[in-house]
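Naming follows writing order (A, B and C), and every chain is counted from residue 1.
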Amino acid sequence: MNQSLNYLLRRLGFYFIAAWAALTLNFFIPRLMPGDPAAIIFARFRGKLKPEAINALRETFGLTDEPLLGQYWSYLKSILQGDLGISIAYFPEPVTNIISSALLWTIFLAGFSLIISFSLGTLLGTIIAWKRSGKLDSTLPPVLAFVGAFPYFWLAMVALYIFGFELSWFPLGHAYGDDVTPGFNMPFILSALYHAALPALTMILVSLGGWMLSMRNIMITTLGTDYISFAHAKGLSSRLIMLRYAARNAILPNFTGFGMALGFVLSGALLTEIIFSYPGQGYLLLQAVRAQDFPLMQGLFMTITFAVLAANWMVDIAVLFFDPRTRK
Amino acid sequence: MDNNQDSIFTRWIIGILRNRKAITGVVIIFLFIFLAALGPFITQDPTAFLSTPLSPPSWEHWLGTNGQGQDVLAQTISGARQTLLVGFTTGIMVVLIGALIGGISGYYSGRIDDFLSLLINVFLVMPGLPLMVILASWLPPGPATLTGVLVLTGWAWNARVIRSQMMTFRSRDFVSAAIVSGEHNIRIIVLEIMPRMLSLLASSFIGASIYAIGAQVGLEFLGLGDVSTVTWGTNLYWASNDMALLTGSWWNFVPTGLSIAIVSFALTLINFGIDEVTNPRLIAERVWREKIPIDTVVNGITPVVKDHE
Amino acid sequence: MVAFGLIVFNGCKNKENQNARRGLIIFQESQISWVRNFNPLSPAGAARWPTSAGIYEPLFIYNSMSGEYVPWLALDYKWDKGNKVLEMLIRDGVKWSDGEPFSAEDVAFTFNVKRKHRALDTRDSWGYLKEVIAMSDTIVKFEFKRIYVPGFDALATQSIVAKHIWDKIDDPVKYSNPNPVGTGPYTEIIRFDSQLWELGKNPNYWQKGKPHINKLIFPTYPSNEQVTLALLSGNLDWAGAFIPAVDRVFVSKDTEHHKYWFPLTGHTTFLHTNTQDPILSDVRVRKAISYAIDRELVVKVGMYNYTEPAHVSGVSGPMSKWHSPYLNQREDWTVYDPVKANMLLNDAGFNKDETGLRHTQDGHLLEFDIIIVSGWSDWIRSAQVVSQNLKNVGIKAKVKTYDFGAWISRMQKGEFELAIGWAEKGTTPYALYRGMMSSEYLQPIGETADVNWHRFSVASADSLFREYERTSDQNEITEIIYKLQHLFIEHAPSVPLFAEPSWAECNTKYFKNFPSAENPYATLSPNYAPENLFVLVNVQNR
């Protein structure tokens, strides 16, 4: 037990270092980008601004001439206090407000798709590895691999066009319908699911092949091991062997991959959101970059990084829990 | 020692060449490369604003024209060039960097390993797409930027995989034997271990290339590439800007998408092939499955080949 | 499986409800999610459309179709004391949406709050204003510290805010004004979610019987594809979007109801030439570049024939009345004439080599980058045509795209050679020529210049600008403009490319009385505040 605690603490230490590195990177990159956000905003106006007005505006946005190191310390301090600053593009809205609603939708859509894709893919992979019936194994992996080879946004656009526009089976975008009010009510939840259906379907379709294939390959390796033959010899039912023994051990390596994918979910399924007009974090990031909105960019990058670290952390704990070998 | 290395390498290549999947994949890739290289000599000028925009396929333009009246076939073929170039270059660089850092980290344990693993893990945990978007929008658009951004965000994954493989090999007998007989570490890495890691390196290269092609096309679709060059990604960017689907001009959208899919799929096939060569069990069951009639495969009992390594 | 079926079924059922139109569905802002901000004074321009002209209103509205200022919250104006004083007569009987009366006090207050917080003074009115006083409930007096007649536009089109509300706001710069009180036709926020918000009628609006439509609905559309999809499927009633091949894409889906109107705005899109560049500083080179461009092809390929080649004066369409009658055809360097282009380049000493490309005397290739904002595909295509045109006369031009931030930074600092961009706009060409040739706005390379990116000036123009600013006499104004125009044509500080159209689409299935070519009571595009107020008060239910 002590050993695993040690292990977890070391991992935690690593995550702190990674977080610090990310934060530092996060701080410097926007500042290295050319273009002055104040100037960009002025460019939107027809008239010209006298120097005093520009400076007043700069102060409002906190674009001071303080030396870089000073800015860095204030940046770190405010992050620790949970103050992510005021957005420039959506002035004067605080960054935390803008990110929070977007964050929820991204988690909903991408998390939902990932869970289904992983479960379905793993299940299929297990079945295929077990039943060596020619049909499934020779058709499904290649077909799914081919579908997954298309650029994601290409499939999404075609799907949106055919199923949303031509056939009108699905809505053309947005996270929920215009006639429901957000909240914990059935119409809203159903509407949200309905609107997430097509984007989620496209995301699932593209990633399904990958999960299925890796599970299948690992299963095949596992099936060759001694304890499986032993189980057979003892006369255990094949269903039992498949699920309780083979799958359970095979799923572990796949699960680590899931952990990382979960983290990347919050990178925002950027392209999905653009194509389906889905109000998540990914598109927000693109807008922030375009508007040179430092605070928003940093806030988004930070949220995403922390989410990835948290997801990895949780996977570490889960692996430790499920895999008795690590509980040395 | 040299004989050993030679035969590992040759054996591996022969194994690959015998594999159905790998060969199919390789042939397709070479076909595309061939077409891309010949491109300028066999097609019309892809950038010339020739005819009526958005006209369907005809004898004059086999794949029709795009929103500016440019020949789609020419665009598709010449688009292959930069896309494949950036894709494979990224693949090679990722593998080189991965092998270097991952290999050193896996071979030398202790402080070097701790430091390099930390580096790898930090890069691994950085959100890739956001970083790519930020960097690509900041740097001047073009193939160099794309390659740089892709390599920066993609090297860590392969490094980690190579590192674990290296650690496995490190503890094997043949390595201990080599060390005991006084061989230099570098020699061991390069001459003993690397040849055995061929499958991993090759499939890393393929995997990285697939990733590079996909990510590149994605970035260019967002308009972050150099939109005045002709690449598969920019073709799709223009197609969507010109509302290709909504005007029913599928010929603007489909050929490039299909080409990307075919190339990625071909690369995946090669990877499948490599997998099978490395993991003979996968082939064995296929062989067994073909030889044994279906009805004798009862209750999921399968003949399985043992691993002798 | 069952759950999936239920979801689809529910979705289909809900769709039927949407057929009864609950309000006018509008697209003007491209956003992925809405942020609640209705501050019309906000310097960041972060307020939701139509805050500045819809919730709030200005004193006069310039109608680009008729070329006149239409009285709105003000009825009349008068210049006095040698154009050093401007008096405006304010409309009475107007109420704020909370029932309080509107008066000249509110007008004076609005301008004074901009004086107090300079960050709000986005048009730098206090650069020439001395005092703004409400002389009575209906008269406002503007005292100028220097004579500046063109300042009228900024004063007339200012959105007026309520003194009794804003008096109590400490920091109007950072205030997001979540529950606005305005004089405009629509002031009530019915609903505000991240992906949809609704704006309802002002119960106390001063134009009786108007507006006709009960509410405005704003869904989010983050990209042009989404807007187009919505337009095609009849889910949008009014939009200001660029649609390629609009007849085929949009109109064909419902020829009876899907309408568009892209009238010229009068302004011009330019190929800016950085006159500080040693080669481009030669006027012959600039004119040669202009002669080399096949504007018809640019318009056809880049702009889907939605517009026309630019006029050499830099204005066109509704501003064609400003074309000088003294214009000599031979001076017009915007016609397509590669022969002349070659001649001028040869004259200037740039000879062609064997490959057909030109060199300077000391052997440097004539090579330029044309920089464009990435994502502005119509301009990118136009630039590609220009690049090919220039190659034909021996100049190598490469198209480079940059993200908006990086692009505008380069333009403002003068770190570019060629670029496609807009120019200063105004109700007369004065603003355009001032931005093109005035030394007042000239900045060295590396310093940020908000206008005159191409960094050109000519002394004789400066005195003409001063004269213009001092007079309010129409005849004098016209003569000065002609003179400026001839200076512009002589010096070719930048190359006019094509006329700027406005983008507007509407769906007449549920609503009628949108402006159109047959009924041009205003421009249809929602992108030109405050002119969109005309549409908002006149559109009717079917």
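Quick note on the criterion: a contact is a pair of C-beta atoms (placed from the backbone, for glycine too) under 8 Å apart; a residue touches a chain by one contact, two chains touch by 3 or more.
This structure is a prediction, so every number in the text was calculated from the model and none was measured.
J.: Need the central chain here, defined by C-alpha centroid distance to the all-chain C-alpha centroid.
T.: Per-chain C-alpha centroids compared to the overall one single out A.
J.: Looking only at C-beta pairs that count as contacts, which pair of chains has more of them, B-C or A-C?
T.: Here the pair linked by more C-beta pairs in contact is A-C.
J.: Can you work out the whole-Å distance between the CA centroids of chain A and chain B?
T.: 23
J.: Please work out the Cα centroid separation of chain B and chain C, and write it as a whole number of Å.
T.: Inter-chain centre distance comes to 47 Å.
J.: If you average the Cα atoms of chain A and of chain C to get two centres, how far apart are those centres in Å?
T.: So the centre of chain A lies 39 Å away from the centre of chain C.
J.: Going through chain A residue by residue, note those that touch at least 2 other chains and give them in order.
T.: 33-34, 157, 165, 274, 289-290
J.: What are the residues of chain C that contact at least two other chains?
T.: 225, 229, 232, 403, 406
J.: If you look at chain B, which of its residues touch at least two other chains?
T.: In chain B, 137-138, 240, 246 touch at least two other chains.
J.: For chain B, which residues are in contact with chain C within the complex?
T.: 47, 49, 53-54, 67-69, 137-138, 140-141, 223-224, 226-228, 238, 240-243, 246-247
J.: In the complex formed with chain A, which residues of chain C make contact?
T.: Those in contact with chain A are residues 4, 6-8, 10-11, 14-15, 17-18, 31-33, 35-37, 42-46, 117-119, 121-124, 127, 154, 173-176, 191, 193-196, 217, 219-223, 225-226, 229-230, 232-233, 235, 403-406, 408-410, 412, 424-425, 441, 448, 450-451.
J.: State the interface residues of chain C toward chain B in the complex, per the touch definition above.
T.: On the chain C side, the touching residues are 224-225, 228-229, 232, 243-245, 248-249, 297, 301, 304, 374-375, 377, 380-381, 383-385, 387-388, 398-403, 406.
J.: Okay, in this complex, where on chain A does chain C touch?
T.: Within the complex, chain A contacts chain C at residues 33-37, 39-50, 52-53, 56-57, 60, 86-93, 97-98, 101-102, 157, 160, 164-165, 168-182, 187, 190-191, 193-195, 197, 273-275, 277, 279-280, 283-284, 287, 289-292.
J.: Any idea which chain A residues touch chain B in the complex?
T.: Touching chain B from chain A are residues 14, 17-18, 21-22, 25, 29-30, 32-34, 130-134, 145-146, 149-154, 157-158, 161, 165, 217, 220-221, 223-224, 229, 232, 238, 241-242, 260, 263-264, 266-268, 270-271, 274, 282, 285-286, 289-290, 297, 300-301, 304-305, 308-309, 312.
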